[in-house]
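Right, I'll just put the structure down here and ask away after.
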Amino acid sequence: MTESSYEGRQDHIREWKTPEIETFRNIYSDREYEIRMETSEFSCVCPKTGLPDFATLVLTFVPAELCIELKSFKEYLLAYRNQGIFHENVVNKVTDDLVAAIRPRRLRLEGQFNNRGGIQTTVVREYESR
Amino acid sequence: MTESSYEGRQDHIREWKTPEIETFRNIYSDREYEIRMETSEFSCVCPKTGLPDFATLVLTFVPAELCIELKSFKEYLLAYRNQGIFHENVVNKVTDDLVAAIRPRRLRLEGQFNNRGGIQTTVVREYESR
Amino acid sequence: MTESSYEGRQDHIREWKTPEIETFRNIYSDREYEIRMETSEFSCVCPKTGLPDFATLVLTFVPAELCIELKSFKEYLLAYRNQGIFHENVVNKVTDDLVAAIRPRRLRLEGQFNNRGGIQTTVVREYESR
Amino acid sequence: MTESSYEGRQDHIREWKTPEIETFRNIYSDREYEIRMETSEFSCVCPKTGLPDFATLVLTFVPAELCIELKSFKEYLLAYRNQGIFHENVVNKVTDDLVAAIRPRRLRLEGQFNNRGGIQTTVVREYESR
Amino acid sequence: MTESSYEGRQDHIREWKTPEIETFRNIYSDREYEIRMETSEFSCVCPKTGLPDFATLVLTFVPAELCIELKSFKEYLLAYRNQGIFHENVVNKVTDDLVAAIRPRRLRLEGQFNNRGGIQTTVVREYESR
Amino acid sequence: MTESSYEGRQDHIREWKTPEIETFRNIYSDREYEIRMETSEFSCVCPKTGLPDFATLVLTFVPAELCIELKSFKEYLLAYRNQGIFHENVVNKVTDDLVAAIRPRRLRLEGQFNNRGGIQTTVVREYESR
Amino acid sequence: MTESSYEGRQDHIREWKTPEIETFRNIYSDREYEIRMETSEFSCVCPKTGLPDFATLVLTFVPAELCIELKSFKEYLLAYRNQGIFHENVVNKVTDDLVAAIRPRRLRLEGQFNNRGGIQTTVVREYESR
Amino acid sequence: MTESSYEGRQDHIREWKTPEIETFRNIYSDREYEIRMETSEFSCVCPKTGLPDFATLVLTFVPAELCIELKSFKEYLLAYRNQGIFHENVVNKVTDDLVAAIRPRRLRLEGQFNNRGGIQTTVVREYESR
Amino acid sequence: MTESSYEGRQDHIREWKTPEIETFRNIYSDREYEIRMETSEFSCVCPKTGLPDFATLVLTFVPAELCIELKSFKEYLLAYRNQGIFHENVVNKVTDDLVAAIRPRRLRLEGQFNNRGGIQTTVVREYESR
Amino acid sequence: MTESSYEGRQDHIREWKTPEIETFRNIYSDREYEIRMETSEFSCVCPKTGLPDFATLVLTFVPAELCIELKSFKEYLLAYRNQGIFHENVVNKVTDDLVAAIRPRRLRLEGQFNNRGGIQTTVVREYESR
């Protein structure tokens, strides 16, 4: 299989229908403050080898009207456990879904993936509302 | 019980009457300097499960005319020990109470809450007087 | 004894006559460079309990014409060993004395005081000559 | 052999034909995000002594249309394993090759070389497209 | 002996004739990049007590046309092993010598000297070409 | 109140009726193996001051026929949250209750209590069945 | 569902048919030496909640005639990724399977499971051939 | 003053009358368990220079009928704050006083004194009752 | 290629002719003392993939009549740089060669190999003369 | 110069006349206790290259009738600063001199020498009186 066929397989990731992330109303929305959530328990599947990949996700955001319901976010991440997806796409997809769900003032997502073949990869995406 | 009822329960937090924080006069109020207080002994209660939550609080401020009396601040924090309150609201409520008590030049409060279900949450609020 | 009487006891700190800090001529005064001195051996007395307090002091400064003679600075700090003085005042008093002694371009003093009652306190003062 | 002859030997490094670095299409090229790859398994040869040198490489870049194919990057680095090359030139050569291969928005490469004769050397190069 | 006589002894440091630092041509002088060299093996002598002093030196610079030949730099530093010299002067003297030898775009030298009498001293000098 | 009256208050701790610890059958009881459970979320109350105390508990045991049901153990520990009890007695009481509940081959409990007045206290109890 | 029904569900674990672990001949079987393998990428499922659990496994053994083929061991561990199994049983099951596969002189397996509800659990099993 | 006169000054340390250490009854004296107390706030005076010395004390003991009252132990240690005493004698004197006060089953005291002249000194004494 | 063919390729390792390790006479051979040498710069080749492997080697031995000449040991290790060899065999081969070269009283070699596929492998061999 | 000539140069080390180490009377000689002294400021010269070597020395001993006078020990170590001597011989020579000076119950000396050519060497000698 050639490299381009992998790309083909990954194009659909942007359209992939992930579970809804529940939210709750931010009762301090008149204050600007930051929330950071960190989990070392993210796992997905390598699209090339079919073997599991592991990552630590570090999410930082400044909420507007909505906060992220913690348990629902955990369940959202479970959808990736059997999904073949590249490191770069994990971070971009989760960011896009979170921005759509809570429309934050600012948001940053960092995915620190485990060492593969002697190389450790980290991907970082930042979002700022206009 | 639905999610919205939790929100309802938390709206009253902004009106909750907490103990007074005692202060003392800053004898170097003509100098600008920073005070940092850190405690790993904050505990409150999760409004959903009724189980205790634990956090490290890191307070940094630039005093104006008043400083925080340390023992009184410790007793103030004890009021949260049996209070059902979300992480986000802890940091915002304590910040609002401190700003009201000492009217500082600047103040920052960071609450680092213990891991729950594989996710560690931190909340940060910053205040600057105009 | 009321809180205000403690304040009264501390007002005199600004007038307290501490030992002179000896200096030596900076032979590179035509260069701008930074000197950092750190000691974990500062001790004073709590004015409320009469018990010893302990701190790490971190001094950073950009000298002008004068440098601090190390041994004399050590002896200067010994004057605090039996002095009842609040954390905030230690850092402000030492800063004022150092600025008077060496008239630096910039100076920063950080005092990291040991945990008391579950709370660790740090005080930072910065000075810049005009 | 004199110092200048070493320089002579190293001039050719800029012209040295290294293996091609494969790339794949960035499906999130409409987003600006950062990728960091770190390997502690880089080895080359000291041109003076013929003995192996070892380094940790830390690559950080913001992709434009192309990403780096991980396995191909690993094989690219293998070309240095038997190459006599100075620390400074390793970092500059790899940077130039990466910039040519993926034309990134920004790129930074840091090479942390192992201690030799009591001195540890690090080289850092940054690139920004105009 | 009075303090001023020590100063007298140190004035000559600016004129002290140290060994030449060898250089080699930077074949990437059309690129701006940074080189960092760190050694924990610097030793000199305290001019007051005659006892050895020890320091870690951290040198960071952006080369222009010339790089520092590593072995020659190591031998240059050996000249301080039996030299009575104050901490402040070590960092300023080495900086001046390096700037003269390689005329860099930028250079920074940090000397972290071992604890003496409970106080640890660090000296930092920065240079930028105009 | 004299010191002896505190002792009096603590004698009843050995008779204090704590919640039952649930267990489950060890399906590998024919193998000897060790289980370690560590929580940094233990809190009780100082019998002298009425203020909360905090500790990390580290439990290690070799099960016989029964294992500790994790959630029930957590609820058991909650019974101490409002109990006035000395550090030494916490560790001994919890050990006695665990030994009674699961009759292990071996068990060790370490309680690392937070610093009070500059002193950090740890208590360790070991049990071995005959 | 009562606690005892969980026990029922776990009894079958001892009979669960896991994939074969491949081995290779130890060409130094006349020497006694130790092999240690550590992976932070073990994942299984909690039989109560159906949510993923995560652990670091540390395996240490003294081989007799056979060594563990690394890739096959990795694939063996993948069989647990969707298996509901308690922490205690993971460590005992893997130990029994390894002992059966390579009949080592000695073997020790430690499973360090991630924090759940504020409690971190570790399980250790040791085997020695007679 | 010659070295032998220092020895003379220190002989009296064994006879020095220190404050009484208060105790309380060990209500678990039928169990064997260990108590560890650690403080980084010990200070005394160097008999040669008159300058303060600082140490971390780590006390470990197995109580018999009596435990150490924490606050009284803290006050006992204050008696050394202005006492000229060698490192070796601090550890031996405190050990002898503690053994006399609580007659423990076992006791160990470690004093880790701050670096002086580039040398860090630690003294350890162990006691076991027969 | 089947697994057994790899074994076949590795059998010859025991007969592989490596470079001689030079020694020097131990002038304190009438004293028993230990020497430890640690290098993080060992590299060999994986016989399966042909890709480089990396390890930290920690050698500890009690010399009898001969010590290891450091530079010669370094050159000896270079012979592995292009050799296909399994982790287990590296440690056993180097141990056998060292024992033959210096006939020590005791010797221990630990090879800590870099993570491959999420698993980090360490091999330890101990030797004791009779 | 051949290797054997280095050995010849080092034979004389056992006869080398080093400065006397002063002692003081142990006033707790009826107690068995341990003293540990650690310095990271040892320097000598490599007999092969003439370049300085650096080490951390960790001395642990149980005194009999005599203790080591700290300042005199420091001066004793200065005698090595310009001495060409191998790592193994440093540790053996200092041990022999200390045993002769204080006739301790037990003594252990560990010399941790700085990395040379990628290899870090540690030498440990233990002495026990009969």
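Here the chain labels run A, B, C, D, E, F, G, H, I and J in written order, and each chain numbers its own residues starting at 1.
Please note the rule applied: a residue touches a chain if its C-beta (ideal position, glycine included) is under 8 Å from a C-beta of that chain, and two chains touch if they have at least 3 such contacts.
Only a predicted model underlies this, so the values are computations on that prediction, with no experimental measurement involved.
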Graph distance between chain C and chain I, where chains that touch are linked: 3
Distance from chain I to chain E - Cα centre to Cα centre, in angstrom: 40
Whole-Å separation of chain centres (CA-atom averages), chain B against chain D: 48
Separation of chain C from chain F, taking each centre as the mean of its C-alpha atoms, in whole Å: 44
Gap in Å, rounded to a whole number, between the CA centres of chain E and chain D: 29
Residue numbers of chain G (touch at least two other chains): 40-41, 51, 54, 74, 114, 116-118
Complete list of chain pairs which touch one another: A-B, A-D, A-G, A-I, B-C, B-F, B-G, C-E, C-F, C-H, D-E, D-I, D-J, E-H, E-J, F-G, F-H, G-I, H-J, I-J
Residue numbers on chain D that touch chain J, as the complex places them: 51, 54, 114-118
Contacting residues of chain I [partner chain J, same complex]: 22, 24-28, 31-41, 63, 67, 69-71, 73-74
Touching residues (chain side chain B, partner chain A) in the complex: 3, 6-7, 10-11, 13-14, 88-89, 91-92, 95, 116-126
Chain J to chain E touching residues, read off their complex: 40-41, 43, 51-52, 54, 74, 78, 81, 114
